[in-house]
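Every chain is named by a letter (A, B, C and D) in the order it is written, and numbering of its residues begins at 1.
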Amino acid sequence: MEPLTRIERQARPESMLLNMGPSHPAMHGTLRIMLELDGEKILNAECEIGYLHRGFEKTCENKTWFNLLIYTDRLNYVSPLINNLGYVMTVEKMMGLAVPERAQLIRVLMSELSRVSDHLTCLAAMAMESGAFTVFLYMMKAREYLWDVIEFTTGARMTTSYIRIGGVRADLHPEWRGSLATAIKETRKVLKDVSGLLDQNSIFLGRTRGVGVISREDALSYGWTGPCLRSTGIPYDVRKAHPYLVYDRLLFEVPVGEAGDNYDRYSVRMREMEQSLRLLEQVAALIPDAAPLPAGPVIEPAEAIRRSRRTRTAERIRLSPNLEGSEKDRLAGLTAAAPLASVPAKEDTYTTMEGLISHFLFFMRGKGIRPPKGDAYFSVEGGNGEVGFYIVSDGSDRPYRLHLRAPCFHIVSALEQLIRGRLLADVIPTFGSMNMIGGELDR
Amino acid sequence: MSGFDLLTTRLESALGWGRKFSLFHYPFITACCGMEYMSTACAHFDIDRFGAGLTRFSPRQADLLLVVGTITHKLAPVLKTVYDQMLEPKWVIAFGACSVSGGIYQNYAVVQGIDRIIPVDVYIPGCPPRPEMVLDGLLKLQDKIQHQKQDWRWARKT
Amino acid sequence: MLELAIAFLVFGLLSAVMILINFFLGPRRPNPAREKPFECGSPPLRASIGPVHVPFFLVALLFLLLDVEIVFFYPLALAFRGRGLGGFSALGAFVGVLAIGFVYAWKKGIFRWA
Amino acid sequence: MGPENLIDAIRSSLGEAVLDVADSFGDAVLVIRADAVRPALAALREAPFDYALLLDLTCVDFAAAEGRFELVYHLYSLSRNVRLRIKASVPAGDPAAATLVGLWKNAEWLEREVYDMFGVRFEGHPDLRRLLTYEGFEGHPLRKSYPWRLEQPRIPLKDDV
């Protein structure tokens, strides 16, 4: 028999103890709430997390700086590009890399796409768990369009590892403007439909207005950040407080709620999606079209290698399709110029000795990216709040310690207080509006 | 083939046909593959076209356990309990690299593949698998159900 | 009379098959975990379900009453075809009495749980 | 107050609790004695500096190199819009520190996680139990001494797969 949890020790004999356990549709599969019930009223609650603790921080201590990028996608897997961004900018802060302008604009474009798909997924799950299945289907449809834009450029729908140390992996897809325009149009249409469905819906209001209320002092005391903190009225947004990338050049407001209940968390996320769409349009206007590749004969890699044995080849080399967008001419505008900061261009690796050496040096054990000794903390505005990376480096090719400041860890720690004394049915919308993501919560 | 054998093979194929097109799945979702499961189950890729659309959130009413995402050691007993509480006949799909083999997480916290805990029928690779791969996995399971020896109350235990 | 018999035969047979087919086709593999209640996969915190609260009983009884009332609507609807006002008033009386009970329960606050 | 004299103001108000002031990649870092952590952070939370948010509490294991654990607190003041990192070292032999549960509410889970991962005991913590791993888990995974792939399964696993 497992030793008694806190709630079993404190529970009164006549009250009913119920598990809203890990394998529950509304608990996103990774949180167990043990409830002490008096009929429908919740007397006491205890949250047990850690069901998705995958040893992220221990794994990072055994992976090189370049290899552990794939783990950052799977932290907040609803907005993976924002985690990439957070990790990558922390390492760039340590190495002092200057990311070119075009890469910064593409990064803002990608993280705003991720933010909208994060809010879409959160509100879709919250609405479906409170009974509005149509909203779930609409929002998943809108998210497909957004994921199409991401997939055209990065090749993957969700776990992209596209934002690399020093810049981005490849240039945008040639027709990215068309797919972005459709995505924005479709998302706006869905947002209008959903606000029509839910904003004045008496059932939804009955379940969210005045439910799961948290005061500003409590929100700050729990370390809340992001949309949940803004729903209590405190306009703290890392993009405004500490502007990074090109956010200081873009116009957007920070939507704020008043009462800090479920409805405000819902409406702050809805308005924040409109702001993100606005940001997407501004960034799309700022990004110049990619210069077309120089015309002229294109030779096969094998032919280029054969020729380059004696003389340097000047012709362009035809790269394989999955390297599209990271040709040498484009790579200059996409990654920092520092040596050994990013994967060298394939054309050099094929044909020149220096390129080959730098390629091997980058991937060899003990070489490659090695930030200077010391520790750094940098945070970006994620879907749930301030996603901060605290990295201690000892100068080797592996981080000595990598810690993620997970926003939803602090938000979920307040869940017990929010549902105490409420009815059993209020747990679902309250928990849904917190947007708990297992990968980020348990790391 | 004697008359009785003809009867049982006809019954077996009828049973297999009936079972494969009415799969009620229990989505045991934990991690990132859950997002791909949402895309698969929703309008765009629509798992309902193959008869497996109805999601049952109780193992008592489900005959397909869809294990989606990473199974950690802390969650292993939960998965085992849910699997045991499912009624016969039941099938299991391991959805995504983490449930197939532990995926990119090989450390102290993650079970290296759920077939160490429960028998698995179809493995869907990918991290996360694209929705088309999931539907393909489902079709493979349906073939398996159609052609396996059906289990029923008085089936001769060979 | 004949169609009635045929109807009862067909529907009776159909429901019997649907109920009993599971008895034939469902394989039996008992295992101890299946007897325990399903608590989202985690071990149940309290094995026995304690005494249930009074409001549950009130709502259950009220539901029973009103549900049976709805079941009576079907024969009523058939029997009262073509009876005009007389039929309608009888139906009105039947529903009215139950409605008074329902409103009384509502005002008494059966549905207010907090 | 600008950032420079803010640090001096903090240093003067905390007095001898502050061992060292450093700057790492542009962030202000304050090294404080382990036993003075609670009063120091309580002071920083109050009026003049009002670091209202306990952004993060984590721990770094220098046991092998310097025989100590280093607790790292990140504070954030909304009104000043400035971040502060506070470090406190505890001996590796019997790592223990004062709890912050009375000051911030998220400290309870943060400290439970550090206890679970590193084994640092927090005196005065109401319910110091494991948070991310499970009851039967021996050892503290994030310590450098804990092997990376040492699994401790809760139920018997079939290993003939």
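We adopt the following convention: a contact is a pair of C-beta atoms (placed from the backbone, for glycine too) under 8 Å apart; a residue touches a chain by one contact, two chains touch by 3 or more.
Since we're looking at a predicted model, the values are computed, not measured.
Colleague: Which neighbours does subunit A have in common with subunit D?
Modeller: Neighbours common to subunit A and subunit D are B.
Colleague: Roughly how many whole angstrom separate the Cα centroids of subunit A and subunit C?
Modeller: For subunit A versus subunit C, the centre distance works out to 48 Å.
Colleague: How far is the middle of subunit B from the middle of subunit C, if each middle is the mean of its Cα atoms, in Å?
Modeller: Comparing mean C-alpha positions, subunit C is 34 Å from subunit B.
Colleague: Mind checking the centre-to-centre distance between subunit A and subunit B? Centres are C-alpha means, answer in whole Å.
Modeller: 30
Colleague: Would you kindly tell me how far, in whole Å, the mean C-alpha position of subunit D lies from that of subunit B?
Modeller: Here subunit B and subunit D have centroids separated by 44 Å.
Colleague: Check each residue of subunit B and list the ones that touch at least two other chains.
Modeller: In subunit B, 74, 77-80, 82, 107-109 touch at least two other chains.
Colleague: Indicate the residues of subunit D shared as contacts by at least two other chains.
Modeller: 133-134, 141, 146, 148
Colleague: Which residues belonging to subunit A are in contact with no fewer than two other chains?
Modeller: 2, 21-24, 50, 53, 55, 58-59
Colleague: Tell me the shape of the graph of touching chains, choosing from line, ring, star, complete and other.
Modeller: Other.
Colleague: Pairs of chains that touch, anyone?
Modeller: Every pair of chains meeting the touch criterion: A-B, A-C, A-D, B-C, B-D.
Colleague: Touching subunit A in the complex: which residues of subunit B?
Modeller: 27-32, 34-36, 38-39, 42-44, 57, 69-70, 72, 74-75, 78-79, 82, 104-105, 107-110, 127-128, 130
Colleague: Given the complex with subunit C, which residues does subunit A contribute to the contact?
Modeller: Residues in contact with subunit C: 2, 5, 7-8, 14-24, 27, 32, 34, 38-41, 423.
Colleague: Touching subunit C in the complex: which residues of subunit B?
Modeller: 15, 58-60, 77-82, 84-85, 87-89, 151-155
Colleague: Considering only the defined contacts, which subunit B positions touch subunit D in the complex?
Modeller: Checking each residue of subunit B against subunit D gives 73-74, 76-77, 80, 106-109, 111-113, 115-117.
Colleague: Any idea which subunit C residues touch subunit B in the complex?
Modeller: Checking each residue of subunit C against subunit B gives 23-29, 31-34, 36, 38, 40-43.
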